[in-house]
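The block underneath contains the structure these notes are about, expressed in C-alpha cells.
Chain naming follows the written order as A, B, C and D, and within any one chain the residues start at number 1.
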Amino acid sequence: MRRVLAADRLATAVLWAVAVFVILVLVAIIAYFVIESIPTFSLAFLFADPSLTEIGGIGPVLWNSVYMLVLTMLLTVPLGVLGGIYMAEYAGEGRLTNAIRFSQELISSVPSIVVGLFGFALFVAATGWGFTALGGALTLMVFNLPLLLRLSEQAIRTVPADERAASLALGATKWQTIRHAVLPVAIPGVVTGIVLTAGRVFGEAAALLFTAGLSTPTRYDFSNLNLLDPQSPWSPFRNATTLSVFIWKSNSEGLGNYVHEVANMSSMVLIVMVLAFNLGSRWLGGALQRHVSGL
Amino acid sequence: MITTSAKRIGALAIAATVLVAACGGSSSSPAAAATSAASAAAAAANGAAASGVAGPAACVDGSITTSGSTALQPLIDAAGKAYTAACPKSTISVQGGGSGTGLTQVLQGAVQIGDSDVTAESKLQASDASQLVDHVVTKQGWVVVANTGVTGVTSLTSQQLQDMWACPSGQSAPKITNWKDVGGPDLPIVLILRPASSGTRATFKQVVLNGQTECSGQALTEDSNGAVTTAVSQTPGSISVIGFAYYQANKDKVAAISLDGVAGSVANMASGTYKLAAQGHMYTKGQPTGLTKSFLDYLMSDPIQKTLIPSLFYAPIQ
Amino acid sequence: MNTPQGASTVTATRPTPTPLAIASLQPELTGLDPDAPVKLRAQDVSIRYGDRVAVRDVTLDVPEHSVMAFIGPSGCGKSTVLRCFDRMNDLIPGAAVEGRVELDGEDVYAPSVLPVEVRRKVGLVFQRPNPFPMSIYENVAFGPRRHGEQGKARLDDVVERSLRQAALWDEVKDDLRKKSGLSLSGGQQQRLCIARTLATDPEVILMDEPCSALDPIATLKIEELIGQLKVDYTIVIVTHNMQQAARVSDRTAFFTLGEDRAGYLVELDETLRIFTNPANQLTEDYVSGRFG
Amino acid sequence: MARLDAPRRITLGAALVVIAAVVLLLGFIVWRGVQLFVVSGVPVTQILSPTWQPDPLSEGTTYGLLPFIAGTLAVMVVAAVVSTPLSVGLALFMAEVAPTWARRIAQPAMEVFVGIPSVVYGWLGLTILVPFLRVHFGWLGFATGFSWLAGSLVLALMILPTITSISYDAFVAVPADMRSASLALGTTRWQAIRHVVLPAAATGVATAIVFGLTRAAGEALAVQMVIGNAPVIPTSLARPVTTLTSQITLDMSDATGTWNEALWTMGLVLLLISLAFVLLIRWLGRGRSQA
C-alpha cells in the first residue's frame, strides 16, 4: 500500500515536472529572442531594406511573407474547402475516397524539401518562370491543400445530420442544403482550418529555398499595380524571399557583422507573428462561433 | 537531369519567359512612371550614399536575376544596388546558392546571369557549357582562417595544408591532426569544409591540395561562407577557407593564416603573388542583351573596377 | 452547518421517531435484524458543485448485510449521495462534501483517510457496464493485482470465485483469457463488472442504476445476484425502476428536489412500508406514479 | 456512374487536385530519382555503399547513400527517444493530472510550440546548443558541438508538440468510465493511468510517435545547421553526421550532372521512407479500429 501510494506521488510529481520543464523551455525560447533583440530592435527594422553589410531591416521580406501567405491562401482555400465539401457530403466509401485520403496522408508526410525539389523542377525550371512568388505559392499549395481539405472535411462532418435532414425535408436540393444549412454551421471550423494552414506558410523555409528564391529586391514601389511587372511588389512573377527563408539565408550568406542581431530580431518578429496568428485565430473562431450560434 | 526536362518543355517555357519578360520590360504605366521619376532622385542619392559608387553611363530598364557563387555575391549585390539606385526602373535581383546553382540556372533560363567561382567547363557537360558565354569581371581570393584560439600559427605552407587536409591513400585521417605539429598549441585540428560541390572547395583543392582528396570523414561541412565563418569563430582548433570579403567583415572573429608566407590581401592577389585566387565568372546563355548587357558592361566600368572592387576586397581585371 | 432542513423537517410532520426506528419496530414483518450494526452513515451531508448545492442535509444509516435502494426523480442527487460513500465525488472538480460520512463509524473524509483505502472497502458498479479493454481474466484480476497480489494460483482462485459469485463463471470459463471483456453481451458485461468489484474483496457494494442499460432478462439476473450477495455484503443501489427497488431492497430512501433545485431525503423506511404506506405525501405521489 | 450535378462535379474536381498533385509529385520524384540508374548507369546496389565520393574530379567516384540513410535514421530515432517521454508525459499531464488552470496554460503553449518555424529552432541550436555541448561536454567527445546529438535534440524539440498533441487526443479518447472503474476498484491515479489509460491509448501513442518520426525524417534546415554534415556512418552521438535532407540542401544548388541525379535519388529514398511511415500509420490505425 505504501509503495503504491509512493509510486502515485512520484508519478504525479514527474508528470508535473515534465510539464513545467517543457513550458519553461518554451518561455525561455521566447524570452531569449526578446531579450537578445531589445538592444538592437527599432521600429525601422520592420520597414528598412535588408543589407549585407549593416543591420538593415526586413521590410521587403516581411511584405513577402504576408504576400506569399495571401497568394497561397487564394490558391488553396477555394480548392481545399470545395474538396472538403466533396469528401464530407458527396463521397461515399469507395476506391476514390480511399485514394484521396491516401494521397492526403502521403503528401502530409512528404518532407518539405522533397516538395521543394518538385516545385523547383515543375514551377521554376519547366515553366521557365524562374524563382517566383507564384512558384513558391504553388509549391506551398501542394502540401497545404491536403491539410486544409482534411480540416474542412472534418468541420463539415461535425454538422449534425439533423440540420441536413431538416433542410432536405423542406424540399431544398442537396446543394441548397449544403450552401444554406451546412456551410454556415461549419464556417467556424473551416476558418480554424484555414488559419492553421496559413500558419504553416509563415514558418516554411525548406520548400521555398528552391522555388520562391533567395534574393530580396529593395525599393518596393507600391503604386506599381502592374501584376506582370517583376518590379511591382504586387506581382506574383518576382522573387519573394520570406522571413523564414531570410533567417536561414542570413546565417549562410550574411557577411558577418550583424548576422546574429538580424537573425535574432527576425526570429522574434516571426515568433510574435505566429503568436498573434494563434491568438487571432482563437478569437476569430470564438467570435464566429458566437455569431453563428446566435443566429 | 534538369536540362533534359527543361529542353522538353523548352518551347513552352521560352514562350512564357518572353511573354513575362516583354511585359515586365516594357511596362511603364504613366502613373508608375511618374511616381518612379519622383522617387528617383531620392533613391539615387540614397544609393550613392550607400555605396559611394557612381552609376552606369546609361540606364536600361527591365528586370534581371543573377544567382550563384556566394563568394561573388557581395560584389554583385553592391554593384546591383548602385545600378538600380541610379536607374530606378530596373531591378537586379542578386541571389546566392552556389556556383553550380548559377551555372545550372542560367542554362535553364531561370536566371539571366550565373555567377561562378569556377569555369562552366569544370562543372557542366561540354555540350551545355558551350551554350554559355563567360564574362570575367573580377579576381577573387580566399583566406585560410583558423579559430582565434589557435595562437602562434600565422603562416602555413601548401605542404602543411595538404598534410592537414588530404587523406593519404588508404588512410582515413590526414597526416597532421594536431596544431602542435605546425607550431601551434596542443589542440586537435577541426577541418571545416564546404560542400564538395562548392566552387571555393574546388579552387582550394586545385590550387593548394594539388587535386588530392579531402579527408571528409571527420570534418564538418558547412553550407556557405557565412555558415563557415560562424563555425570557425565558435569551434576551437578549427580551420577553413573563406572569401576575402567575409574575412574582412569578421576580422575580429577569426584568425587569418598566410599561405606559403604570403598574406591574403588584395594587393598580393592583384600582383599575382597570392595564389589562392580565381577569376570571378559571370555566365550568360548566349550573348547578353538589354539590361543584362548593360549590367555586365557596368561591372567592367571604372566605378566598379576602380572603386567598388577594391573596397570590397576583390581585385580588378586589367 | 445550517439549521437542519430536508429529511428531518419533513419527517417531523408526523409524530414518529426516525425512519430507522420504524423499521426496527417490526422485525418479524421484514426479517431484518434490528440489532445489525450500522455499516454506512451519512450525517447532515450536503454536497456542492461549485456554487450549486446538489444535495443538502442528508442523514441516513445503512445497516450491515442489507440492501438499501435510493429512489427519486432525475437530478435529485441519489447518485451524488451514493458516490460520497466511496469518495468518487472527489474526482469531480469543484465538488465539496459537508457533514459527516462514516464507514464502520469512521469518518471517510477525515484528512488522514485516503480515498484509495475507502474505495478498496467500498466497491462501485456503474450505470453502464464498463469492462476494461482486456481479457475477462485480466478484468477480474485487475483489482487484486493492483493491490499487490502476485501469486498465480491465488489470482486464479479469486477470479473463479468472483465470477462464480457473479453468476458468470459457467458462461465464460472456457475463454477467460481468450475473450475480451468487451466481447460479452451487456448483461454479461455488467456481471463481469460486479465480479471485478467482488474480486477486490469489498465490504460494501454501491450500485448506480446497474440495470438501466440492460434488457429485462439481464436485469433479472442482476437482481437475483443482488439477493445472493447481501448475505456477505452491504449493498446500496440507486434505481429508477420502482419495481426493482421493491424486489431487491430491504429499505428504501426516497429523494426529491427542493424548491431550490437541491436534492434532499424525503423519507427512509423499510421498502414494504414505502411502497404500501409511506409517511409522506410526496413519497406516496411518487411511488404511485403521480409525479416523477 | 450516375450523372453528376454541377456542384458535385466541381467539388469532386477540387478533391481530385489532391490526387493529381500526389501523382505528379510521385511521378516526378521517381522519374528524377531513377535517372542515376537509368541514364548514368550507376548500379542500384551502389547506393548501399558507405562511400560518398561524388566529385567527378576525384578518382573512384561512388554514389553511396548509406551514410545519409543511416544518418537520417539515427538522428530520427534518437530524437524520438528523447522526445517521447517528454511529450507523452506532457500529454498525460494535460489529459490526466492537470488542474484546469494548468491545462489552460499548457494547451495554448503547445499551439505556440507548433507554430515556431523550424529555422528558428535551427538558429537556436546553432547559437546555443552547439556551443553548450562543446563547452560543457567537450570531455565526452563533443569536440565541436556539431553532432548527431545536437541534431537529435533540435529535432526532439521540434517533434515534441506533434507527439504531444496526437497522444493527448489518444488519452482523451479513452472513456472516462475506464478511469472511474479503475479508481472505484481502489487503485491510485497512477495505477489507473499505467494499467488502464496507457494500454487503451497505446496504438494512438504509437501513431503519434510514428508521426513524430515522419516529421523528423523530413526536416531539413534546422538539422543541417547543427549536425556538422560529415558523410560517415554514425558511430558516436558526439560526432558530426549527415542526413538525406541536409545533403540535399547542401549540394542541390551546386551539384550538376550525375551528382545532381544522385541528390534526386536521395529525394526518392526520403519519399520511400515517408511512404513506409504512412503505411505504418495506416496499419496501426487499422489495429485500433478493430479493437
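As a working rule, contacts are C-beta pairs under 8 Å (C-beta built on N, C-alpha and C of every residue); 3 or more make two chains touch, one makes a residue touch a chain.
Keep in mind it's a predicted model, so treat the numbers as computed, not measured.
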Field: Partner chains that chain A and chain D have in common
entry: B, C
Query: Which of the two pairs, B-D or A-C, is linked by more C-beta contacts?
result: B-D
Query: So what's the Cα centroid distance for chain B and chain C, whole Å?
result: 83
- request: Averaged over CA atoms, how far is the centre of chain B from the centre of chain D? Could you give it in whole Å?
  value: 34
Intercentroid distance (Cα basis), chain C paired with chain A, Å: 54
Query: Quick one: chain C and chain D, Cα centre-to-centre, how many Å?
result: 51
- prompt: In chain B, which residues are in touch with two or more of the other chains?
  reply: 2, 5, 97, 223, 227, 230
Field: Residues of chain C engaged with two or more neighbouring chains
entry: 116-117, 146-147
- line: Flagged in chain D as touching 2+ other chains are 32, 126, 188, 191, 225, 249, 253
Task: State which pairs of chains touch, listing all of them.
output: A-B, A-C, A-D, B-D, C-D
Task: In the complex, go through chain A and note every residue touching chain D.
output: 4-5, 7-8, 10-12, 14-16, 18-19, 21-23, 25-26, 29-30, 32-33, 78-83, 85-87, 89-91, 99-100, 102-107, 109-115, 117-118, 121-122, 142, 145-146, 149, 174-175, 178, 199, 202-206, 209-210, 244-245, 247-248, 251, 260, 263-264, 267, 270-271, 274-275, 277-278, 282
- prompt: Can you list the chain D residues touching chain A in their complex?
  reply: 5-8, 10-19, 21-22, 24-26, 28-29, 32, 85-86, 89-90, 92-94, 96-98, 102, 105-106, 108-109, 111-120, 122-124, 126-128, 157, 160, 188-191, 193-194, 214, 217-221, 225, 245, 248-249, 252-253, 264, 267, 270-271, 274-275, 277-278, 281-282
Task: Spell out the residues on chain D that touch chain C in their complex, using ranges where they run on.
output: 99-100, 175, 177-178, 180-188, 191, 195-196, 199-200, 291
Message: Under the definition above, what is the set of chain C residues touching chain D in their complex?
response: 86, 88, 91, 93, 115-117, 119-121, 123-124, 126, 128, 130-134, 142-143, 145-147, 193, 196-197, 200
Chain B to chain D touching residues, read off their complex: 1-2, 5, 97-101, 103-104, 122-125, 188, 190, 195-199, 202, 205, 211, 213, 216-223, 227, 230-231, 234-238
